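As written, the chains take the letters A, B, C, D, E and F, and residue 1 is the first residue of each chain.
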Amino acid sequence: MSVTSQPGAVIANLPWQDRPAGCNNPLWRYSDNPIIRRDQIACANSIFNSAVVPFGGGFAGVFRVDNKARLMRLHAGFSDDAINWKINEEPIVFDTQGKNLPRFEFGYDPRVCWIEDRYWVTWCNGLSGEPTIGVAWTRDFKTFHQEENAFLPHNRNGVMFPRKIGGNFVMLSRPSDNGHTPFGDIYLSQSPDMTFWGMHRCVMKAGASPWQGLKIGAGPIPIETDKGWLLIYHGVLRSCNGYVYSFGAALLDLERPWKVIAANKNYLLSPQTPYECIGDVPNVAFPCAALHDEATGRLAIYYGAADTVVCMAFSTVQMLLDFVTHPDQQV
Amino acid sequence: MSVTSQPGAVIANLPWQDRPAGCNNPLWRYSDNPIIRRDQIACANSIFNSAVVPFGGGFAGVFRVDNKARLMRLHAGFSDDAINWKINEEPIVFDTQGKNLPRFEFGYDPRVCWIEDRYWVTWCNGLSGEPTIGVAWTRDFKTFHQEENAFLPHNRNGVMFPRKIGGNFVMLSRPSDNGHTPFGDIYLSQSPDMTFWGMHRCVMKAGASPWQGLKIGAGPIPIETDKGWLLIYHGVLRSCNGYVYSFGAALLDLERPWKVIAANKNYLLSPQTPYECIGDVPNVAFPCAALHDEATGRLAIYYGAADTVVCMAFSTVQMLLDFVTHPDQQV
Amino acid sequence: MSVTSQPGAVIANLPWQDRPAGCNNPLWRYSDNPIIRRDQIACANSIFNSAVVPFGGGFAGVFRVDNKARLMRLHAGFSDDAINWKINEEPIVFDTQGKNLPRFEFGYDPRVCWIEDRYWVTWCNGLSGEPTIGVAWTRDFKTFHQEENAFLPHNRNGVMFPRKIGGNFVMLSRPSDNGHTPFGDIYLSQSPDMTFWGMHRCVMKAGASPWQGLKIGAGPIPIETDKGWLLIYHGVLRSCNGYVYSFGAALLDLERPWKVIAANKNYLLSPQTPYECIGDVPNVAFPCAALHDEATGRLAIYYGAADTVVCMAFSTVQMLLDFVTHPDQQV
Amino acid sequence: MSVTSQPGAVIANLPWQDRPAGCNNPLWRYSDNPIIRRDQIACANSIFNSAVVPFGGGFAGVFRVDNKARLMRLHAGFSDDAINWKINEEPIVFDTQGKNLPRFEFGYDPRVCWIEDRYWVTWCNGLSGEPTIGVAWTRDFKTFHQEENAFLPHNRNGVMFPRKIGGNFVMLSRPSDNGHTPFGDIYLSQSPDMTFWGMHRCVMKAGASPWQGLKIGAGPIPIETDKGWLLIYHGVLRSCNGYVYSFGAALLDLERPWKVIAANKNYLLSPQTPYECIGDVPNVAFPCAALHDEATGRLAIYYGAADTVVCMAFSTVQMLLDFVTHPDQQV
Amino acid sequence: MSVTSQPGAVIANLPWQDRPAGCNNPLWRYSDNPIIRRDQIACANSIFNSAVVPFGGGFAGVFRVDNKARLMRLHAGFSDDAINWKINEEPIVFDTQGKNLPRFEFGYDPRVCWIEDRYWVTWCNGLSGEPTIGVAWTRDFKTFHQEENAFLPHNRNGVMFPRKIGGNFVMLSRPSDNGHTPFGDIYLSQSPDMTFWGMHRCVMKAGASPWQGLKIGAGPIPIETDKGWLLIYHGVLRSCNGYVYSFGAALLDLERPWKVIAANKNYLLSPQTPYECIGDVPNVAFPCAALHDEATGRLAIYYGAADTVVCMAFSTVQMLLDFVTHPDQQV
Amino acid sequence: MSVTSQPGAVIANLPWQDRPAGCNNPLWRYSDNPIIRRDQIACANSIFNSAVVPFGGGFAGVFRVDNKARLMRLHAGFSDDAINWKINEEPIVFDTQGKNLPRFEFGYDPRVCWIEDRYWVTWCNGLSGEPTIGVAWTRDFKTFHQEENAFLPHNRNGVMFPRKIGGNFVMLSRPSDNGHTPFGDIYLSQSPDMTFWGMHRCVMKAGASPWQGLKIGAGPIPIETDKGWLLIYHGVLRSCNGYVYSFGAALLDLERPWKVIAANKNYLLSPQTPYECIGDVPNVAFPCAALHDEATGRLAIYYGAADTVVCMAFSTVQMLLDFVTHPDQQV
């Protein structure tokens, strides 16, 4: 593969299952979830909230692995079929390229995005102990070149758009606080160079419907369609006895992506299976990546379940567009 | 059926299973719980905390259905055997009868009570966004006539007595706050006309034993016995990692129902099965209705499990009276 | 005085000071505040948040007196000039008239309102330890006849309208929680008989401007004008280091008093003097009564300062109407 | 058995299963967990967090039984094989020996320790309603002689060392607050006589790694080795949606046991099985006892799961020493 | 003065002012409060909550001095008249006598008590950063011999009785948490040797009346009278906007001092003056010492005001006994 | 004045008072504080936390004015002597220059900094309701040109360095949360163009001593000295009854200003006067500006008191350098 060509526009080997008979939902789970067990590598307490992309003729990914000290680390992994993954036993050691950068402190909830000539990895990184958005890039998933953190703390869920818009790199993120933040909206920031960021805008606020009443955050890399950017995002409901993490979708303006064109008030998927309801954090479905085959419009969405394992669900771009723009279900 | 005759005094088709061999508990679960799945109708995220009554030769009910936006709605439903239910796909639209009433904002945890000539429905209704007790009546479970909300916010768990007492309608309720209230006692109020309410009294306070240490609230319509009103109610324990919703029983004075005659310090049922422990809200057993066959004294108690599904448990009036008045177990 | 004639329509001996030269505010403080010291009677820790009315040829009042155990009690008091007050050493003992009423548990923040043929006293009363609105009436400020509490807990700041509207008694109140409530909106309820209450409506919500950002509650008895009911109310701002209680004004529809016609976004008075800033609760100005001379339109407003003493401020109905309806300052 | 000889130094009938093939962990679960069901005796809501010791030729224990009122009680129990237990239906009634002691109020999380000539039982006892460390002793598990509580409230997890050190009895404990304490470190105290305690030292603080980030507390009686005292302790992680109770190990200096010689940053066991993840308190693994056969070095560790049942895991002293002193994994 | 004779039984030079004319309170403030300014020594941010005793022919004391880093230190001071104090510029450096004690970490709210042959100083000391009761003794207020901390964290307000009772040293204290504790009751502990402590009892709980509703803690060394131990203690009320620290009194049984014989429901003094209401912590009156002249029964009580300065108030033993035992004012 | 020359290097008319006799502190208050009253302009509730600079031959400033709705606004003001100020009655209307910027939502705690050719104003601005750092510039204090907000929410206390360092603009700020943040450290960010920001570093964390235990934030524009950047900053202590805002100083490396060279553990000034202790927010001293006369080294520091008024204190650069580098007082 030439690393400067756009990878993944057509993904002939996209993992796929047809929608089950009788199912009318625009999204359906893979029948053999979870695809990655919590103890798939020796050091792991859990593997979840991870990002995968087409790479070479197969697939690569950056995986959140919480080890048995419960330290949060990122590991690279590879797969031929995007279902069976070989995850490196050793965590990624980011190369700071001789720059005087703040060191990697911890890493969780990574996203990976091909832009122009390389894969950009963004994740929740520690800066003097506080969460913010770490930035690195790779071309081979072996060497990861760390760059400056994008923002001041406290931030999480930094998600790149897959191309420059208006001449700038564009990132979604969710400003947070220094704990398990009880609020969270999706903002957008721009950068000419992936180092300095500005022109911040609020894109969506939590509360549009109860499943996303407490906080929301961007999920996979937005998918470009002729209708707009298709954004899959998670939302959190605070019940009388804990949180529930579901995910839904919205459509953003192509050239002014801080403008929401449409959003369905319903969730796409909420935690209902044992592997979503039971684990280190019960009742979590948290999407971090989507594979999109432009030839068929098929989507394979990767999500962490119960902060413990990695799962997969399927849909198509058209089904999600229909869902997002459904006139009776707008928020 | 003549709607002005007392329905359900004798329920020949009451659902029933005998107490399992070896079981000494005064209450036992239906062997095929849950009886209503979370996705029994298309729009539903979950169906739970619902009320059923004898209706015609069969049964009708008002069901809490949280949809996939997680909006809380009420749906009517019908059954021949009180086990297999047909729930309307569309939520109840309350008829305000041309009165200038505050609109229905949301609806949860309904109860249904036949008094004199109609079925009264009470539920947690929103008034300018805050929870209080909504009131409506129906004779056919098709048209529901909304009346004024009974109380100022914040209130939940409004439960009618099945006849006037001392010339007034009587309702139990649980004053609350504007969130997931960390307190809650059972109060009683009276009304000459179902519109204006007063003569408020405290009936029971939380804390009589640890399973009901944090808050309590009335469950099904109280059952009249010659010993007093048999009240089944839920209680909440705050553990070191969340809440546990169980239910127990007490006996109230027939003519001064704010007087507690007896109460067992133990719960009747606590969440122990997978369908009670796993779901949108783990560890919840929340009773909202009971069918009582006066001919046999048999009881079928309907309770929401894990804020996700509807379940059933069985007992008899005599067993519950023995439980409630057990001399060694008084609170 | 005939107790059945409307007292106080003309108050020739209304206390008064002209607006100071150079002052452009619609409200100005009495120059010799506070008018009632914290230790004016022997048992008192503090005297504040109290209600005064014309009575006989002079004035009477119901005073909040927190004693040295910090128990909250109500005391009657009398004055010839509405400035120099003689407060009874002994608290009011409410006469339950042989009715089986919940006992008086504590009393704070009283209001007094002449309606038709008697003075109605409303206050924050305890019901099984929880705050709600107590109701009593008197004709002589010696015997106070207690009636049923108006509402279920938790409620505070019950304020009567001075006449029936649409055939019903009408009360404003502020539903609360069981502590130092971090929220609070003004609601309205109606009653045919001062015993049973219903037809609840939300009148105003906190948050219209920052000085009233956290919670609001009605103050003195609303003043009837040809433009509407003039409502003076307190609002609370949560600063980075505590609360600030100020007060402002709004105008309610005469016949549908749950409709707000106008409201100024500014406060009328905020705690700025030493007696408002220093005391048992710093930074509190809390109005509970207003004397209105219909002949001149003059107003003497009584407010508690720092939850410690009673103060007075002056205005006129016209100035407050101009303030409330100022087109550039609407919320 | 002579009660004055050291019991349990060699435990020929120690329950045991070999490490499963392919398992590299230093600890492995019993294949038939849980060994004690939640409803093993009639009054029980749950049985967990319990202590067992060699006794006679078999085993005895003190069991935490929460009854159906959710009152926390201690029951004695006996076993031939340390797997199948006969637990007394009636709770232990502590004999205060005619001393004017504060009464037993509640009992949870017991530990049992043979020292010199008797079994000492320590547990979380109520003193005027607040948790502290109760102390009693027995020689026959029939009569339990209560002594003075060791400490002022608020305290939990009092764990004795199995011999005097420096002439004093020595106890670990975890000072707490009056609720579900959000902090907790392990302290050590000394006593010449088991009545008066002093010379308090801090041993370990929470936070050495994320699994033990919120609070920690000693587990089984420390095991004496020639390398030091082997301490198994629980730690709590606060996730974005609740707590996770895992356990790990450390090594303390033999003669100055407040000195930590080594501690592995990883946990030994975290809640991952259904019986650890589902129950009254999800995600809890809480060790309270260990049987140690000096002849083989084998360990059977007893831990409560989900605050609902009793489970068992196996290891050897050597494996744990290797784990604790692993040079690459020190905290 | 011979340091082994009982100091202070007769204090001819006790500071004194007669009760002001017209004052009926059992306690009255010194007219020239505060007696110690916040900046009386160069390093001081504030000087308050301090303990004084007769010493030689004059007086000595241990003073809480918060320096300009706001570190809490203890300083010795001396006075001829107990009003004008010379406080050492340098903080006390405690002599650990070669013992391997936890070091002094911080010191606040000291008390000083002569028992048998020396002055014992108790204060809130840090143990691994957490508050507990430090213990030291002196005979000359120059050398202070530190001993073991009395208790495990978290504790404050350790107050000795001035003689052994039943053969043991006796201390009151207030178990706390690791922050600004929202609860607090008075407990009693005993020790044969001032090193090991046990036989803990609850003496008084917060909540007997509202001024002491949140927490209470012992103040000066209890004063022995033939009626019992006269205990002056502080209590805290949580208002809607902060705390108020007042103080009152109770009478404890002479030989079983954990038994309360009498207690007045009213406070003796609440913060009402500018120096009590304004300062680093508004609305605090916090007594730590009392001088008692047995010849006259006069008392000079020393209390910190607003956590900023030291003040004095006067009473007599007889007045306080009358107050405490007043039959109409018992809690 | 030429607006492109460096203003204020020499300020012949700097306001000044000599250090009072007997005062050894490195900072002393102006004898006639406050210099700006809370009601100096008609719309004002309070004027505080404001920034002043040399301008023309006199002085100009940007003032925080909270109006009587308690909305937070910025007003320009002018003075000949930097003591007597004329503040514009109308708030600043920021000119967005035709750019599509987020609108000004509110403004508080401004700083003003001359860099190269213009005055940059930074303040706490609202972005979709959340606090972040607004940026604008002016040359005449009449027209203020708004630019993009520097950061994502939530941020406060954005303070520019007065020259580029290493080719970039440099700003200090304090990441916050969406409320009255209970944490806060000082970070540094860089920008090539005042629009895009990056290269974030942590400079100082709260907690170096108790007066700055909870949170810290930069105050006036750092003052360049040959020893380093002299930074005056505020710190907050959480007492048992509220917060105390004091200020101190540190010295930062000239070319790597995220490196702290020295910092005194003591505060320079804490709230002790009535105007600092009483007001809308008691116990606040909050510096936002300093005038520095390079000829004499004199400093006039402007600080808000009690979030109500503007005050002034004096020092010299040398005194502050001595203070900051005092070898016995380093944190």
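The rule we apply is simple: a residue touches a chain if its C-beta (ideal position, glycine included) is under 8 Å from a C-beta of that chain, and two chains touch if they have at least 3 such contacts.
All values derive from a computational prediction rather than experimental measurement.
Engineer: Under the touch criterion given at the top, what is the topological distance in steps from chain A to chain F?
Structural biologist: Graph distance in the chain contact network comes out at 1.
Engineer: Among the other chains, which touch chain D and chain E together?
Structural biologist: Both chain D and chain E are touched by no common chain, going by the contact rule given at the top.
Engineer: Identify the chains adjacent to both chain D and chain F in the sense defined at the top.
Structural biologist: Chains touching both chain D and chain F: A, E.
Engineer: Greatest Cα-centroid separation from chain A: which chain?
Structural biologist: So the chain farthest away from chain A turns out to be E.
Engineer: Can you tell me the C-alpha superposition angle of chain C onto chain D, nearest 5°?
Structural biologist: With C-alpha atoms aligned, the rotation comes to 180 degrees.
Engineer: For the homomeric pair chain B and chain D, should the interface be classed as same or different, according to whether the shared residue numbers exceed half of all numbers used?
Structural biologist: different
Engineer: Measuring from the mean C-alpha position of chain A to the mean C-alpha position of chain E, what distance in angstrom results?
Structural biologist: Averaging C-alpha atoms per chain gives centres 59 Å apart.
Engineer: State, to the nearest whole Å, the distance from the C-alpha centre of chain E to the C-alpha centre of chain F.
Structural biologist: About 42 Å separates the centre of chain E from that of chain F.
Engineer: Name the residues of chain C that each touch 2 or more other chains.
Structural biologist: Residues 242, 278, 282-283.
Engineer: Which pairs of chains touch one another in this structure?
Structural biologist: A-B, A-D, A-F, B-C, B-D, C-E, C-F, D-E, E-F
Engineer: Across the complex, what residues on chain F touch chain A?
Structural biologist: Touching chain A: residues 102, 127-128, 130, 132, 148-155, 173, 175, 177-178, 181, 183, 185, 187, 189-193, 195-202, 205 of chain F.
Engineer: Could you list, by residue number, the parts of chain A that touch chain B in their complex?
Structural biologist: 24, 209-211, 213, 237-242, 244, 265-267, 270, 272, 274, 277-278, 282-283, 329
Engineer: Hey, which residues of chain A end up touching chain D in the complex?
Structural biologist: Interface residues on chain A, with respect to chain D: 38, 42, 45, 67-72, 180, 242-243, 278-284, 307.
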